[in-house]
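The following pair of complexes shares a single chain, chain A, combined with chain B in the former and chain C in the latter.
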Partner chain A sequence: MSYLILHQISIVLGHFRLQRISFAMESGQTLVILGPSGSGKSALLETIAGFNNPFEGRIELDGENITVLPAEKRELGYVFQNYALFPHLTVEQNIAFGLRKDPDRMHRTAELMNFLGVRPLAKRKTSNLSGGEKQRVALARALARNPKLFLFDEPLSAVDATAREGLRDELRHFLRTLRATSLYVTHDRTEAMVLADILAVIRNGTIRQIGPASEVFTHPVDSWVAQFVGMQVLRPEWVKFLDKDTAQVGIGGSTLIAQVRNLDARQGMVAFQPEDVLVTRSDSQLPAGENTIPLVIGKVVPLGPLVRIDLIGNVSMTALILRRQYFELNLHPGDAVNVRINASDLQLVPEVELETP
Partner chain B sequence: MHAIVDAFVLAVKLIFTGDAEVYSITARTLAISGSSTIIGALLFVPLGCLIYFNNFWGKRALISIIQTCYSVPTVFIGLLVFLVFSRSGPLGFFGILFTPQVMVIGQVVLISAIVTGLTISGLSGVSPAIRETATSLGASRLQSVWLVVKEARFAVLTAVLVGFGRAISEVGLALMVGGNIRGYTRVLTTAISLETGQGEIALALALGFILISLALIVTVLANRFLMTKEVNIAQSRASVS
Partner chain C sequence: MADSNSITLVKKNASGGWKGRFISRLPLVVFWFLGGSLLVFIVAPLINMGARQTLHSLGSAASQAEVRDAIWVSLESAAITAGVAVIFGTPLALFLARTKSRFKAIVEALVYLPLAVPHTVAGIALLLVFGKEGIFGRAAAPLGLQFFSTRAGIVVAMLFVSVPFMVTAARLGFESIDPQLEKAARTLGESPFGVFRRVSLPLGLNGILTGAILTYARSIAEIGAVIILAYYPLTAPVEIYNLFLQFGLVESSAVAVLFLAVTLSTFLVFRYLINTFLVSAHS
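This part shows the complex of A and B:
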């Protein structure tokens, strides 16, 4: 039996509805809920924490039905955006807050401070801590009560990009070391990619796709999920189904083979990751090969170790290649190139209304 | 300009020569406004908490009404209290009109909206995540509410101090329900009003300086009281690093 089970959970918050959310996860896993602002991901976390009351459905944690259990009795470790440390308390008092009734609280607090390396900060107030120190204090505080489940509500969203990477890695290490079962809410797909064992993509209060993170990132169920996880989405000029798993699609005047995904109707969009776009010079000796479209290099944007190439022609798309590779291929804006996307990397997915994530 | 300097010198003289009447008026002012502020704080800080921490129909409208009441004229409150406690009023049987007690009651009514409203504003400044974190850490409703109040303590203190400022500086209500009786209900503001009416501008200004000094001392002392812990923690932090 799964460790955490949500069965048909629905809530109403003003005009917003969270609709029939169901999933299950095992002990020790990290489930990341990825979605745009206002999609209901924080509301879902708050419902599991007991701050919102569902009007239908059931939540089971470690074999116990906690649907109507008061929030303070759910034994959860909730880490909020910006960590929500109590500013008027010291680091030590923050960590000990959840141990008020524990006779061994001082020993336990000291143990946690040592474990997370915040012992030297014990008497300091939390307002002057660095991002990393705050994260460790928040984790120690959440860990103090031996929670059955950790809930993270976009803890890194207000952290600057440089610090975020380090904090993300530290968090991943913490979760893996403790084999902590956790739910992590974010709108950042890199965070999702780094932390998730299981990934749920949520939109307008419903889960659009849930599964192993690698599966969601490579095989989105529809064009919206594809776009949200960072894929490029193009409308094909025509589609010819070869069998139930493959189809020929017309893109930029060329014929490409694509994998078919969940496509009941005869309409669909092709989706692919920009890093799966292979670029070669059209004047090179190499044969163009299958699944190739002739295009021209438009804009080139350096992104540190990567280079983003905007390709134009009968169709527009973007490729992400290594900086070194860009120079080795001697590519320049205006150059004619052959663009190949392997059939295994090209998905034909059902079209749903797109929006800017 | 000359008059102001004269008044300042006179104020210093009155304070340091131990003018019995000035001391008595000052002490009475402090006693009446201090009592009304303490009673107001005890009643309206919890009321502010009650309104903030509970959701009910009409909550927004109620908060708007409270905020509107910030600017109710003191003479209007004075008139209401006068009518209620006058001999023919519903509470006239207490027979406390023109006594310090009714002045305290009037000032409590006067500061009720400001203390309640500013308490609500102060509590709204604390992130809801603080309370929810406390709850998720096993705190009961009362414990998590208390935590939020402690987080908002400076804002709550400000609410109380603004209330004190309004109480000590009002004149209309004190005149209407206190009667400005020498040695009994005369306070600094009513004394200033009286001296101005009698053409004793320097004395009136001097009493004004005393009034401002009094408000300043109370504010500084209150802030120091709250800041003590902060300083202690800052010192311990410095010793750690």
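This part shows the complex of A and C:
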């Protein structure tokens, strides 16, 4: 019996609908719900928290049906966007907020402040805390009542980029240390990659794919999911199925082998991660090999430790390589190169309507 | 040659600069003038009226028992009205701040209605329901509560005309609270009433108290509705109106200045107390 079960949950919020959301997760797991803004991921979290009433479906937590239970009775720890700390209370009062009826609250509050390292801030108001301090106070406050489930609603979305990485690592440490069962909503795929045991990709109120995070990132179910998790998506010139798992595809005038994924129809698109695009100089002594397309380096954009290479020719694509590697290969814009994508890294997935960038 | 040229250039620049500066600042000057005129329009009549008084005239006004009584009735009734407005206005303000109901627009229109009703008309309408034969008047009679020409009547009249100020200010206070704070309190085990008591009320207090002050200020100035529903006991504005009709400008203006001084000082004291209280509570 799973720990958290959503069965066919549907809600209507104005013109927006969440449609028959179903999933189950085990105790101690972190499920990340990844989706673009307006996809319904926050609405889903609020439904589980008890702020939206589903018109059909059932939510079970730890064996109990909580579908119609009021929010205050659900025993959840909610960490909000911007953390939602009470501005009229001190750090200590914020953490003790949910412990009003707990006779042991002084001791419990002190324990939580020690655990999250915010004891020195106890008497401070929350308005002048740093992003990291706010996060720790919010975690302590959510943890205070020993919740059965943690809900995170894009807590890092308002944090500036330099602080985000540290806070993300801290969150990961928190979740792994406590083995806290958590649902984490975000539109940031890096956050999803760092935090998720299980990943659900949501679009327009429906879950498009759910599974182990590594599986979703490497084997997307369709072209939209592929694009959303950061893959490049190309329409092949032709497709010839070899068997049910492999096909030959024509890309940029070359013939490549791709894995077939979830494809009933004959219409498909190829998807691959830009870091799986291997670039070698075409004048090198090495043979071109299989799954190779001759292209020309267009633009080169340095991205810190990585370099993004825009490749042009019969087809356009992007490769992501280490900066060191870029210099070692002695590559320059205008150079002719051989571009290889291994068959195991090339997926043929069903084509669905893509987002307009 | 070069020198004279450069001098000419400097001169041209200087004169162009002055004109340019003037033209660029003209809108600002016009704005200051318009705003300043309005302030003069508000303050000048009151200062002029005050300046015409002597200590003697103010002293003789203050020595009249009926004048002191009228001022006291006004202060007390306005303070009670503000209290009643807080109790009844706060829930409505919270409703308007939080609801997404389609009835919101109707409720909003109803709350603002007193602003559009002439106050004498409001007085007549109130008299019809709160008078001895009115539906509320009859219902309250067994409780020993009468509105026609009583202190309760004054409060009812004051409340009717000032309630939009209370509800609007408190509503703005509640609207400034991040709804996520209220949700956070729910997930921390608070019932909706607990959320109100521990989060919405302390964070919306600023708006509620501002509403109370505005209600107090508006109530103390009311005459139109009061004079019809509760002519007696005389409030200060009614007393001043009577004096003006009976004895003319000089006699009435002394009492007017006295009343204004008392009103303004209570107003300032309340503002000061609230600001100090709120600042210390939020720092």
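In this text, the second predicted complex is superposed on the first by the 355 of 357 C-alpha atoms of A that agree within 3 Å, B and C clash if a C-alpha of one lies under 4 Å from a C-alpha of the other, contacts with A are read in each partner's own complex, and residues count from 1 in each chain.
Everything that follows uses one rule, which is that a contact is a pair of C-beta atoms (placed from the backbone, for glycine too) under 8 Å apart; a residue touches a chain by one contact, two chains touch by 3 or more.
Because the structure is predicted, anything quoted here is derived from the model rather than measured.
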- Item | chain A as common anchor, with chain B and chain C clashing or fitting | clash
- Message: Per the contact definition in the header, classify A:Arg141: touching chain B only (first), chain C only (second), both, or neither.
- Response: both
- Query: Touch check for A:Tyr78: first (chain B), second (chain C), both, or neither?
  - Reply: both
- Item | First, second, both or neither for A:Pro120, with chain B first and chain C second | first
- Which of the two partners, first being chain B and second being chain C, lies in contact with A:Phe86: first, second, both, or neither? both
- Task: Check the residue A:Asp283 against both partner chains and state whether it touches chain B (first), chain C (second), both, or neither.
- Result: neither
- Look at A:Glu353 in the shared chain and tell me whether it touches chain B only, chain C only, both, or neither; answer first, second, both or neither. neither
- Note on the structure: In this superposition, the partner of chain A with more touched residues, chain B or chain C, is B
- Looking at the overlay, does A:Asp104 come into contact with chain B only (first), chain C only (second), both, or neither? neither
- Message: Can you tell me which of the listed chain C stretches (3-11, 21-29 or 255-263) runs into chain B once everything is aligned on A?
- Response: 255-263
- Would you tell me the residues on chain A in contact with chain B in one complex that are also in contact with chain C in the other? 46, 49-51, 71-72, 74, 76-78, 80-82, 84, 86-88, 97-98, 100-101, 125, 141-142, 144-145, 151
- Message: Under the stated contact criterion, what part of chain A meets chain C in this complex?
- Response: 46, 49-51, 70-72, 74, 76-78, 80-82, 84, 86-88, 97-98, 100-101, 125, 141-142, 144-145, 151
- What residues of chain A sit close enough to touch chain B in their complex? 46, 49-51, 71-74, 76-78, 80-82, 84, 86-88, 90, 97-98, 100-101, 120-125, 128, 141-142, 144-145, 151, 153
- Task: Spell out the part of chain C that touches chain A in their complex, as residue ranges.
- Result: 178, 180-181, 183-191, 194, 198-199, 202-203, 281-283
- Query: Given the complex with chain A, which residues does chain B contribute to the contact?
  - Reply: 127, 129-130, 132-140, 147, 150-151, 153, 233, 236-237, 240
